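Two complexes come next, and they have one chain in common, chain A, joined by chain B in the first and chain C in the second.
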Partner chain A sequence: MTKVKILSEHGLHARPASLIVNALLKYDCDVNFIKDGNKFNAKSIMNIMGMGLQNGDEIELDITGEDAEIVEKELLDIFNELNG
Partner chain B sequence: MLGFLKKKTIVLKMPINGKLINITEVPDAVFSQKMLGDGFAIEPTEGIVYSPINGKVIQKFPTNHAIGLVTEEGLEILIHFGLDTVELKGEGFKNLVEVGDIITEGQALLEVDLEFLKENNKPIVTPIIFTNFDKIKKFDIKYGEITAKSECCEIILK
Partner chain C sequence: MKGIAVSPGIGIGKVFIKEELPEVERRTIENIENEIEKIENVFVEVEEDLKNLYEEKKIKLGEDKAQIFKAHLMILQDPEFSDRIRNNIKNEKMNAEYANKLVIDEFANMFESMDDEYFRQRALDIKDIGIRIKAKLLNINTSKLSEVKKGTIVIAKDLTPSDTAQLNEEYVNAIITEFGGETSHSAIIANTLGIPGVMGIKNITNEFKNDDLVIVNGNDGLIIKNPDIITLNRYEELLKEEKSEKELLKEMIGKETISLDGKKIEISANIASLKDIKNALDNDAEGVGLFRSEFIYMENTKLPAEEEQFEIYREVLKKFENKPVVIRTMDIGGDKEVSYLDFEKEMNPFLGYRAIRYCLDEIEVFKTQLKALLRASVYGKLRIMFPMISSMVELKKAKEIFEECKNELKEDNKIYSNDIEIGIMIEVPTAAIMSDKLAKEVDFFSIGTNDLIQYSTATDRMNANLKDLYTPYNPGVLRLINMTIENAHKEGIWVGMCGSVAGNQDLIPVLLAMGLDEFSMAPTTMLKSRKLINSLNIEELQNIKNRVLDAADKNEIKKILNIN
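On to the complex of A and B.
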């Protein structure tokens, strides 16, 4: 599974969460973020914000279904942009 | 099945003493452009957040500046106290509940030091967002000055 490190001073909160969810809602596939063995639905604002991701945290991307490769690329682009 | 026979209406109680304003007036595009969902905002005159619903706490954030609730009917409500308040790293906020707590209307959830926010140049306007907006058929909001715990919004679920 692809790993992503959060490199953003204030972690992943309202603004980044909204970017991620709004990008993912275009697709039918299931997307989960995994942190410390816990799975979070990446299409839910409340779930992503509730992960409380801090600068330096690492998550795994779990994407299944149609367009999984395209979705992974789009997500990685978003994380790269957020990580500046 | 037969869900259409049940009229599902939720009446929210004002969670903070203050003035209820349109979400589009919040000076942060994440909220005003409804990127997190639709809802309304409050210009607080007091730093106590009361539960607008009967339900459960589903999220609290390490920095305590926001809290996520779900009603008995499954509507998710995010209360995001102030703008850019994530940067305060929890200072000025005192959370009074835990994830999983069953909450009732009017129960105090969060205490906020409004003066501390102002000293740190953080806007205190507080968006209240329905994050699973796809569950809502329509909603009706009362704008203006409203006392905490009085009715402020009626939501009809799909």
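On to the complex of A and C.
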């Protein structure tokens, strides 16, 4: 599974979380973020924010279903931009 | 009736009571499909409402203030959220109202238990959504805060973020709430919008009915229900004065504060958090005379790390550009408690283990703050102030630790400014008496009158029975102030004042005559004070000052100053 590290000073707050959710809602596939063995629905803003991701945390991307590859690429782009 | 005055000004108007929804109870339902349909319809309706509110507020108040409704919309559309409600109904045969309550509580608790203040605040947003859904489900048309008429006084148990976002400051003349104090969400909003506010009055929503006439005095916390015509006239007169004064004061923005005979004075703001910066700058603060850093500790659930503090200090310094900012090192203890620091209960907390006394004992905690301050110092004009100094020994030790912090930062190759002024609060009588010696060791003094009065008159300022004794007009207090200023000037350092006496319009002339250089006060009184100072001639005030210092008691002083 692809791993991503959060490198943003304030962790993953509402604005970045909403960017992710908005991007994912276009697709039908299931997307989960995995942190410390726990799965979180990435299409849920409350779930993502509820993960309380801080600067330096690492998560895994679990994407299944149609367009999985496209979604992964789009997600990585978003994270890159947020981390940049 | 009297409550806590949290936002200044007078408001007169007709009562609008924000209705509270009844508690919901769990019921077992027979027809699951019906219940699901009910909640689906409510989801659609609330979604419509939020979209409309967003569009409406965007036009009226701007994108920034409207954003909250967009965030709420996103929570509502969250599949995790609505699915959980649906599942509760389906699997548990639960009524929709209770299913909603459970999911809201669950998410709100989750956010409330998080470490980060930002996330904890989001719990309020979730509860807000819950209330919208609940109102629709119960088919209660909650009277709308956004539709109140001109001249309304809003009375509520508490105000949520979406309540306050809907308030039209043009129509709401004042706010009264049962819950909350000076640092509550509603208080901050009332202050930012410039709406008078009184809080902390038990049972307030039952005391009034809609359309009652009420006077709210946000200056002293007084509430007058159905006033007689004489009282009403008096307050209308006061309100009129307040308004014209406010208009007139706007012309003071951008001017410097300078007495008629040419002494330049600094009028600066007392602030407790980053949120207060805007109000301070809007009122043309010439700097910050007191940043109460203990609020960073009080609003946290654990000791704030160096990095977190650094960011806050940097932000204040940047916002004030090259204007000076006095940051007082943490003044915990006394009436300011911090839940995670295990202070022992004391008989006399104001005389106990607090402020610099704690810091000199818990040196690592102190160093964390000093290093954060040092690192932030390169972003502006920083002045550091130690509170509660009662002797030279404490001052020397504090300065020693400060030097240690500099050396440690140097070793870590971290930069700091070499122009930081170091000062102390003069609030303990022995510090005032020893000010001739202390002045040799610092760059400035700032007189903290709230505690200086309390300590020098031996009067607990929290005890309402003693309020006649707790007075700045006690000549002993004024002599201590005068002595402090004289001793400071002999050593060539400047003296400010950051207690509430600094904004006292009756005493400003006396303080000015004594030679006070900086006045730090609540942002709302700054322009008024500038106007006053610019109309005074310090030379001509010497006579009044001498008479005040020669007076035997407070009554004589009040007579000299023409105070009733």
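Definition applied: the second predicted complex is superposed on the first by the 84 of 84 C-alpha atoms of A that agree within 3 Å, B and C clash if a C-alpha of one lies under 4 Å from a C-alpha of the other, contacts with A are read in each partner's own complex, and residues count from 1 in each chain.
One rule holds for everything that comes next: a residue touches a chain if its C-beta (ideal position, glycine included) is under 8 Å from a C-beta of that chain, and two chains touch if they have at least 3 such contacts.
Predicted model, so just to flag it, every value in this text is computed and none were measured.
Novice: So in the superposed three-chain picture, is A:I45 touching just chain B, just chain C, both, or none of them (first/second/both/neither)?
Specialist: Touch partners of A:I45: chain B and chain C.
Novice: Examine A:S18 and indicate which partner it touches, taking first as chain B and second as chain C; both and neither are also allowed.
Specialist: both
Novice: Please report the chain A residues shared by its interface with chain B and its interface with chain C.
Specialist: The answer is residues 10-11, 13-14, 18, 44-47, 49-50, 52, 54 of chain A.
Novice: Across the complex, what residues on chain A touch chain C?
Specialist: Listed in rising order, the residues are 10-11, 13-14, 18, 21, 41, 43-47, 49-50, 52, 54.
Novice: What does chain C use to touch chain A in their complex?
Specialist: Its residues touching chain A are 71, 74-75, 78-81, 107, 110-111, 114-116, 118-119, 122, 126.
Novice: Using the touch rule from the top, collect the residues of chain A that touch chain B in their complex.
Specialist: My answer: residues 10-11, 13-15, 17-19, 22, 44-47, 49-50, 52, 54.
Novice: Going by the contact rule set out above, which residues of chain B touch chain A in the complex?
Specialist: 30-31, 35-37, 58-63, 66, 68, 76, 78, 80, 86-87, 129, 131-132
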